[in-house]
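Reviewing the structure listed below.
For reference, chains read A, B, C and D in written order, and residue numbers begin at 1 within each chain.
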Amino acid sequence: MARLLYFGRLSDVTGHAEETRDLPSDVADTAALRRWLDADHAADGALLEASVRLAVNSEIVMDPAPVSNGDEIAFMPPVGGG
Amino acid sequence: MARLLYFGRLSDVTGHAEETRDLPSDVADTAALRRWLDADHAADGALLEASVRLAVNSEIVMDPAPVSNGDEIAFMPPVGGG
Amino acid sequence: MIDITETPFDHAEALAEFTRRVGGAGAVVSFTGLVRGEDGVVSTLHLQAYSPMTERGIEAAVKTAKARWPLIDAHVIHRIGDMAPGEPIVFVAIASAHRRAAFEAADYLMDYLKTDAVFWKKEVSSAGAAWIEPRAEDYQDRARWDAQGG
Amino acid sequence: MIDITETPFDHAEALAEFTRRVGGAGAVVSFTGLVRGEDGVVSTLHLQAYSPMTERGIEAAVKTAKARWPLIDAHVIHRIGDMAPGEPIVFVAIASAHRRAAFEAADYLMDYLKTDAVFWKKEVSSAGAAWIEPRAEDYQDRARWDAQGG
């Protein structure tokens, strides 16, 4: 099982801030993961946007980076505090 | 009588921060005032320096500006707070 | 020192404590960002962080600032969760022997916090809820520090 | 608001009061200049003003800052008389809707206070007493604001 986090506006898109999912055998990298979850949540491309970065186990990665069950994977739209 | 104020390092030069003096009849402007007081206090040119500005009745003036008994005249070396 | 906190904080008290701690500094600059109170509109701000990535990023930015300017110390406090108008969101304090170093480092850290720090921000008002991302102006402010020598 | 005071002031309390007064501001920047505590050397700072010329000059500088940047309010406090290490000498607080305006206006006012405000400053230590005038660096900092557009 992988722990998936959707930050900022993406929690509105997917309907929740986090979920635990069993990754399908053909989802082995972040590019495949984006496509799978975007279709699964009918996110209409929101999870595919280049401005949405992915972090695997708290490290920001570039697509395609390997993912597997046991990982914590965060979908991060543009950040900004203050 | 004129009230004379010596600010900053000039109080060390003249020996006091202020004094009240009767202006001689030939001291009618700030240039003459500087020369008279510099000689009188043996200030060795300290009151003649261009960086020392004069204020007459709380307004900074350019030499030679008129002065007379009744005025408050301040000798102001370079300013700076903080 | 970096604090990410869900509870409201008193920025003036934070300044008092920071100044005591850095005893001997000649210059202390503080920045406080507060939830704006719009006339007649009650709005709440909601801030999310992703710990410990958020803290690690701010720590790295503070380290960069300390390498770039002669600083004595820095303190960053950032609220998360729900905030009401008038409450502090963010506080940055910088102590240095030199006033310009203190100003520049505080300005730099605020630009980092606005555009690069790992937070997401939602504004909730009677008009609805909206996620707020940095504006072009914020990215331009941030880019000033890349253009300059260091 | 401008205060020239012979008694010590609490800069954190001044920040708290200022922030309360400008309720609704998004950004508050403060600068505090403190008497430096040199290791092992007990020194006192003595500041003179020439009222009301000193106040008038600071008021004019605040007015210039308000014309140049979109500010909500400004507060300047300046000590005169004798000060011990660690005590605040000067405090500037700026409130604005915009953080960069607040930073720049505070920086501008400090440059004014360092080089143009009507004060004279004497440092007294075990090594003796010395009147301190602005350094070349202070005048250069001040000149930045003339070079820039408004």
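The definition used in the following text is that a residue touches a chain if its C-beta (ideal position, glycine included) is under 8 Å from a C-beta of that chain, and two chains touch if they have at least 3 such contacts.
Just so you know, these numbers come straight off a predicted model, no measurement behind them.
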Neighbouring chains shared between subunit B and subunit D, ordered by label: none
Averaged-CA centre spacing for the pair subunit D and subunit C, given as whole angstrom: 23
Centre-of-Cα separation between subunit B and subunit A, whole angstrom: 76
Intercentroid distance (Cα basis), subunit C paired with subunit A, Å: 27
Inter-centroid spacing, subunit C versus subunit B (mean Cα positions, whole Å): 50
Sequence positions of subunit B contacting 2 or more other chains: 82
Where subunit D touches two or more other chains, by residue: 33, 99, 110, 114
Interchain contacts, given as pairs of chains that touch: A-C, B-D, C-D
Subunit D residues within the subunit B interface of the complex: 33, 47-48, 50, 52-53, 78, 89-90, 110, 113-122, 131-134, 138
In the complex with subunit D, residue positions of subunit C that touch it: 10-13, 15-16, 19, 23-34, 36-37, 85-86, 97, 99-100, 102-103, 106-107, 110, 114, 141
Footprint of subunit D on subunit B - complex, ascending: 5, 7-9, 12, 55, 58, 74, 76-82
